[in-house]
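Each of the next two complexes has subunit A plus one more chain, namely subunit B in the first and subunit C in the second.
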Partner chain A sequence: MTFREQLQAWRYNLVPDHVIGEILTKRWTDNAIPFLALVIVVASFGSAIPGFFKLYSLQESTRQLGEFSLVVTGLTVVMLGGGIDLAVGSIFALSAFSAVSMVFIFEQPVWLAFAASMATGATFGAINGYLIGFLRLRAFITTLVTFIIGRALYDILVVNFGSKIQMSMASSDTWDFIGDGTILGLSVPVLSALVLAIVTHIALTRSRPGWHVLAVGGSRRSAHNAGIKVRQTVFMTYVFSGLCAAAAGFLIATRLSGAGPGTGHGLEILALTAAVVGGNSLGGGRGSVVKGIMGAIIVMVMTNGLIRLGYGTGTNQMVLGILLAVAVTIDIRWLKNRHKVLNEVYVAPVYLRMGEAPSAVPGSGTPYALNSELSGATHIGLGEVEGPEDVILDRDDHLYCGTRHGEIVRFFAPDYTRSEVFAHIGGFPLGLAFDRDGNLLTCVGAMGLYQIAPDRTVTQLSAETRRSFTSIVDDARLRDPNDLDIAPDGKVYFTDSTKRYDAHEWTLDSIENRATGRLLVFDPSDGSTKTLLDGYRYTNGVTMAHDNKSLFFCESWACRIHRYWLEGPKAGTAECVIRDMPGYPDNINRASDGTYWMAWLGMRTPSFDLSLRHPAMRKRMARRLPQDDWLFPNINTGGVVKFNDKGEILHTMGDLTGLAHPMVTSMREHKGELFIGGILNNRIGRYKIDGADTGWTSNDSYWGASK
Partner chain B sequence: MESNWLSRLKDLNQERIVLVVAVLIFATASVALPGFFSAPNLISIVRSISVLGILALGMSVVVIGRGIDLSMVAIMAMSVAWYLQLLGDGMADHTALLLVFAGVLAIGLLNGFLVAYADVPAIFVTLASGSFVFGYVRSQLISSDAVPVPEGHWIAMLGGLRFASIPIEVFLFAILSGAMFLFLRYTKWGRYVYYAGDNPIAARNVGMPVRPMLVLRYVVSALTAFTAGLLTAASLHSINTRVVNSTLLYDIVLVTVIGGIGLSGGKGGVRNVLVGAALIGIMLNAMTIVDIPLLYQNLIKSTILLLAIIMDGLLNPRDEQTAQQGDI
Partner chain C sequence: MIFDPILELFRGRAITIPPMDGAFRPNAVLDETPVLAELPQADNLCALGDRLLASSGTALIEIRADAAPETVQSFASPITALAAAPDCTLTIALEDGTLSENGTPVSLPKGVTCITALAYGPDGALWLANGSDRHPVSGWVADLMEKNADGSVWRRAPGAGFKVMAKKLAWPFGLLPDAKGCLVSESWRHQLVRVEGSTVKPVLRHLPGYPARLAASADGGAWLAIFAPRNRLIEMVLQETHYRFDMMASVPRDYWIAPAFASGESFLEPLQCGGIRTMGVHKAWSPSRSCGLVVRLAPDMTPTFSLHSRANGKRHGTCSVIEHQGRAVIAARGGNCILTAEDRT
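What follows is the complex of A and B.
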């Protein structure tokens, strides 16, 4: 190994590049920029304004912040639902006026004033909601107009009744307490903003109505198709926003004990800027209450800070304009390019030097030498099945296979010309196995371990294991369950090939070549799933050894077979029994003569082996070339390989014509015949094995002869 | 039944309804209000609507192209205020004019660039740029809310100019309307505005320069705003920047939308602006003669605007196929 290559190996195997991509998949990274802005704003204004952090000063300045946060929380919910509410400014002003007039003109109790405020907000919100939700008008322009109407109404009211309010002698202790008092050092606006934020957050993330709002904002059409009442949901978001603005209006009414022409002036652009600066997405679906609150603090501190620092008229508008433009632009660009950035950095190949493999060239004399024996196989279900990754036969000789369409298809013995959908799974069934009671167990790609009872009821057995401590992306979920086998005690041993990619992205996993495959065990007695082994390059086929004391599993991208000991002195450890094969192994199954069958999904090529030593090249390739031009494992030639307990290769069968079985992902011996499946094939092969025991079935081999 | 009612209404179309309503109000006012149907009052109606009409022409080009420009009033007031301030500070006229012209052009280009190339929704871009333009000019470039026109300057002369006792802005409004009509109807670029407004993606696929055209529209609206600002200063002999906080912006949208230019783009033309302007001009004049206070006029105007938008929404329902996610 040259020094340069050694450097490559260190660079790509020791530096955890993949972490960057995994962090970027986290939604909380969206909060990073607003949070940074928040820290900078608070720190710089806090240090520029003397006494900013004094308790009294904070109590006073946060009253306004509390009211503002209420408004922003309401607006955030509307925005999450895909709308916008500019009318908050006039709702705020009108409900402040309602409260004030209740107390000072009609001399009613405070609770009635509060009720009047909320009623005003609800009415206005309902009007907006009706126009936008049910009449489907454009949110921006509609709320802009209702905002002007509200403002005009408010101006008229203030002109006509303003003096009456000022002259009123009415007073109330409750009213003054809400306006001036503190509870545990917190003012009423701050407390109510906190309570509302927590309640709204929980409602949005953990309740049905909240999910509906997010779904509608995320994709209106899909939400409609999913049966969500889109119009009603949109309507409710505006009512909610109206109520929030009304509560804020009530609070400012108690604080100022009056309603002047300036009340709520410019609030709509402040609130909008706050919601967007916090990172809530325009057009809905992405955002949170926390983002809204962060934005509210940024905007409040900034605008109040500029005033306290003595900057002149217009400075605020200038800063707000810049803030809004920058925030919206960043939001739009980030949303548009996030997946591109992710694609750029997610694939992080590692260095691997594959060992020298024995030749598989026909006539080379090695046990791996390929031939065209499999081209003699007859076919079952030609053109009827798509992607039978694994095949299996039951005690009545019926043949089962999974298909790309998410079904398990059953072909009827003896001639396998008739078929039916045995069960609908919904995901791509890969490995199959029968348990003692005749239940069919399957590893479903991207879904988990499932069981189909003889009466066709489908049950999920396992979809997750324990999360590993160092994981960034939650690796508890099974991303690519691939093959399984069942021990005599009923425990199910199965593989999860990769934590980094979904099942259909296996090419990317082969290019990255990072060792994240797992061997897991599901215990039906307590329903638990445990991770036995971790850190293999694409764990794939699993089979119990004939003596049931150990199991074999393969590591596809490393071309190795391992033996995992269940009993004996080496229990709980794995050892490599076959290494450096010339082909990529897939499923493994028992053979009638005490040996094992292994499928090869493809053959190693010198070019791909070489590329594994050049991670930088593979990264460039995945980034710059279209998928069709990628270099990845050759899957045009595969085969079936027979090996024994000692790991000796006995025989290899291939299809060099490439017509019937170029790629083999599975094979099952049954009564002297071999049934062959391929994940990209359109048929199941049926091949007569010379000299095999015509009475042997794997069901008998596992569970004893049938009665 | 409702759809039947709607389809019959569609035959009527918004422009004609508005025209009929305008004629009705005009007739009623002529009979009922003393002094309404007189030459001086009619001239004052046309004059009062000229500046608004010019602004609405600029807005209509943007709206037909499926956009909106909320920064027009800020550009109108602040550009002229800055110009007058520069003159007041003793800068040479042509230098000041050139500088302000460049500034207006820059804001138009910036609006257009952010909408066209950064894909930011027009309402946010122009809301933000309007706020910025007002804030920046008010806090950095001018020293008071209102800036007067210097004595004997050509703008002051412009305000006093009359042809056949009709003020100059009426002629300017007529000329600009004619120019805009010819542009939208008979030039290639004018037709592109409609195609891009009707279906931007299709227009782009066909090979029209959709993005440069977008930028052009915002530049046009900014320049129109500047022109309207100069006329305002000419007739008032000063410019008051507080107009930015008034309802003028919504009046522009009102005139644009009420005549039948759909907010979803691709529909309408100069004729719709003229009809809308006529209705609003007659109505405002009548309300003033009847002596309805300004506050109530605002309420009435905004309610009419809401009705116009509801009508627009019913007649031109949003097209779910070409409407984009986040198109609010």
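What follows is the complex of A and C.
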């Protein structure tokens, strides 16, 4: 191995590149950009303005921030529901006026002032909500109108009653406390903003009305089709926004004890900027309260900071405008390209040097030498069945297979020309096995381990195991359950091939070649699923040894067969029995003569083996080429290989014409014949085995002769 | 998008190839057209008067419409190029680097050992394409994967010696001389160039495959044979220095990720995702290392139509095409056959 190759091996096997892709699949990565912006803004203004972090200064600016956050939270909810609310500024001002006039003109108690504020907010919110939600007017125009009318109303009121308020002698301790006091060092606006943010966050992420808001924002039509009351939901978001703005208005009224012509001026633009800069999508459905709060902090710190640095209103507005433009651009570009970025970085290949394999070339004289024996197989269900990964026969000789449509199809003995859908499961049914009672168990790709009773009832047996500590994407869920076998005590041993790719993307796992395959056991007595082994390169076929003391399973991309001991001194450990095969093994099943059949899903090619030693090349390939052009192992040629308990290869059969059985993923011996399946094939093969025991069936082999 | 140049630093630039579109719009004509003769390794065609000759490995074969192909002559070394002069002089180049004219050895300038094409001009001058200074003709795939551009084009005026007309060409593989100069197909650069005096000027660029021999057509245009399609994976491997040299050092040549005259014959050959046989179907549009493609060029050298054998076809490796008795005759080296196609203009 050259030094360069050694470096590559270290680089790609020790640095966990795949983590980047897995983190990007998380929705919270959407917060990364606003969070970064937040840190930069706070740090730069904090260092530019002396005394920025002083307690008094913070106390004052956080009061303002608390009020502002309330408004932004309300606006965020409207935006999540797919709308926009420009009226928040005038609602804010009118509510402040309501509270102030209640206390200073009518000399009423503070709670009544609060109630008046909230009623103002609710009224205006309801007007917006009714017009937009029920009469289905455009949100932008409607709220612009209410904004103008509200603002005009406020200006009239302030001109007529402003002096009356200023002259008033009324006073209240409660009022002053809300305006100036602190609880546990936190001011009332901050506390109320925090409480509202937490409650709204929980409501949005964990409650039915919150989900409805997100669903409506994501797609009105789909939400409607799903039975959500779209109009009512939209209506409620505006009422909520109105109430939030009203609460903020009440708080500023207590803080300033008055209402001037500038109150709430330009607030709608500030709030909108905050919500968008935080990362809430203008299109609706995507965003969170946390983002709104982040945006609020960014905008508040910037505007206050610029004023304290001596810049005028013009500069301030300009900066806000630029901020909004940048945020909208990033939002749209990210939304559009996120999946592309994910696609490009998700495949993170590792280094592997495959061992030298014996040749499988016809005439090479090795036991692996391929031939075209399987091209002599007759076909079952040609063109009717799509993707029979595994095949199995019951005690009445009927033939079962899974299909890529998520069905289990049954072909009727003796000629297998008639078929029916035995059961519909969904997913992609792969490995099949009959248990003692004649239930059909199947590993369903992308779903889990399922059981189909003879009366066709489908039951899920297992869909998850224990999560591993270092996982980023939840690996408790089974992504690609592949093959299974059942021990005499009823325990089901099965494989989950990869944690990195879904069942239909199984071939991509060969490009990455990361060892994430597992061997699991399902215990029907308590319904538990345990992980026995982890870290194999695509665990695939499983079969119980004839003496039931161990089981064989294969590791496809490493071209190995392992034996896992169930009893004896080596119980609980695995050992490699066959290594460095020239083909990629798939399912394994028992043969009538006490040996085993193994399917080869494809053949190693020198160019692909070499690419495994060049992970950087594979990584660039995944980024620079469309998937159709990626280099794959040769899965257009497969075969059936017979081996014994000692791991000796006895016989190999193939179809070098590639016409009938290019790829073989399973085979099942039954009464002297071999039934052959292929996950990408459109037929099941039926092949007469010379000299095989014509009475042998796997059901008898596993569960004893039929009753 | 403005961010792309920045992002490309991290993700790499996408590799693109010219689409098979316009005049290159695919069809299956080459797979449907009648076979004139089954001939292993059918390579270079030439018309000697009315006779149609083809090279097939070491043998020179005469193709006749009404009878089986007949071996005219056998050589010790494979034939790499043929040309017939209007006066029925037959010139044959061999893999071992020798050139003979009507059986008489011709002395060649030093360094000319890789004769990929021969042609006589209307003035009786013999044009010769030397594919590479570094490899024999059979080493073409190594020449491509080493990214060499050491080919040259030579001209021998009647009664004079060979004179180099163009150098530093990337595997000149076809010649079509006229009164003023010569049209040359430059395979590794996917283009046709015009050699005139001492200038070399591209005429047709960005071909979707690797161009091979050229032939004149009656209307003043030309026929161009393209023996393999461009393939994104191969183009990427050409940019992957370490992988490429490791591959050349350790993988048998037939199994390289490289263009080929025929593909899919061994399970040791590389397979691309799109080429996976699914539900019994090999997609015609899947990426492939080989193809059959013959292009008709108008007198101004713009492609007008093309005949294809696609990824799922068999008549691949079309290295030579000539117009003979009013129809196009095509040699498919990978398909081991000679085909005829009616003129569709």
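We adopt the following convention: the second predicted complex is superposed on the first by the 641 of 707 C-alpha atoms of A that agree within 3 Å, B and C clash if a C-alpha of one lies under 4 Å from a C-alpha of the other, contacts with A are read in each partner's own complex, and residues count from 1 in each chain.
Keep in mind that, in the parts below, contacts are C-beta pairs under 8 Å (C-beta built on N, C-alpha and C of every residue); 3 or more make two chains touch, one makes a residue touch a chain.
Bear in mind the structure is a predicted one, so any value in this text is a computation, not a measurement.
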Inset, instruction - In the superposition on subunit A, see if there is space for subunit B and subunit C together, and answer fit or clash. - result: fit
Legend entry - Partner chain in contact with A:L135 - subunit B first, subunit C second, else both or neither: first
Inset, instruction - Have a look at where A:R333 lands relative to subunit B and subunit C in the superposition and call it first, second, both or neither. - result: both
Legend entry - subunit B versus subunit C as contact partner of A:F428, first or second or both or neither: neither
Legend entry - Touched partner set for A:P633, first subunit B, second subunit C, both or neither: second
Legend entry - subunit B versus subunit C as contact partner of A:L282, first or second or both or neither: first
Legend entry - Which of subunit B and subunit C A:M603 touches, first, second, both or neither: second
Inset, instruction - State the minimum pairwise Cα distance, in Å, between subunit B and subunit C in the overlaid complexes. - result: 7
Legend entry - Residues of subunit A contacting subunit B in one complex and subunit C in the other: 333
Legend entry - Footprint of subunit A on subunit B - complex, ascending: 68, 114, 118-121, 123-125, 127-140, 145, 247, 250, 253, 263, 295-296, 298-299, 302-303, 305-306, 309-310, 313-314, 317-318, 320, 325-328
Inset, instruction - Please name which positions on subunit A make contact with subunit C in the complex. - result: 4, 333, 344-345, 360-361, 370, 383, 386-387, 507, 603, 605-608, 610-611, 613-614, 617, 620-621, 623-637, 656, 658-659, 662-663, 680-683
Inset, instruction - Would you mind writing out the residues of subunit C in touch with subunit A in their complex? - result: 1, 3, 11-15, 231-233, 236, 240, 242-243, 246-247, 250-252, 255-257, 264, 266-280, 286-287
Inset, instruction - Enumerate the contact residues on subunit A facing subunit B in the complex. - result: 82-84, 131, 135-142, 144-146, 148-149, 151-153, 155-156, 159, 219-221, 269, 272, 276, 281-284, 311-322, 324-325, 328-329, 332-333, 336
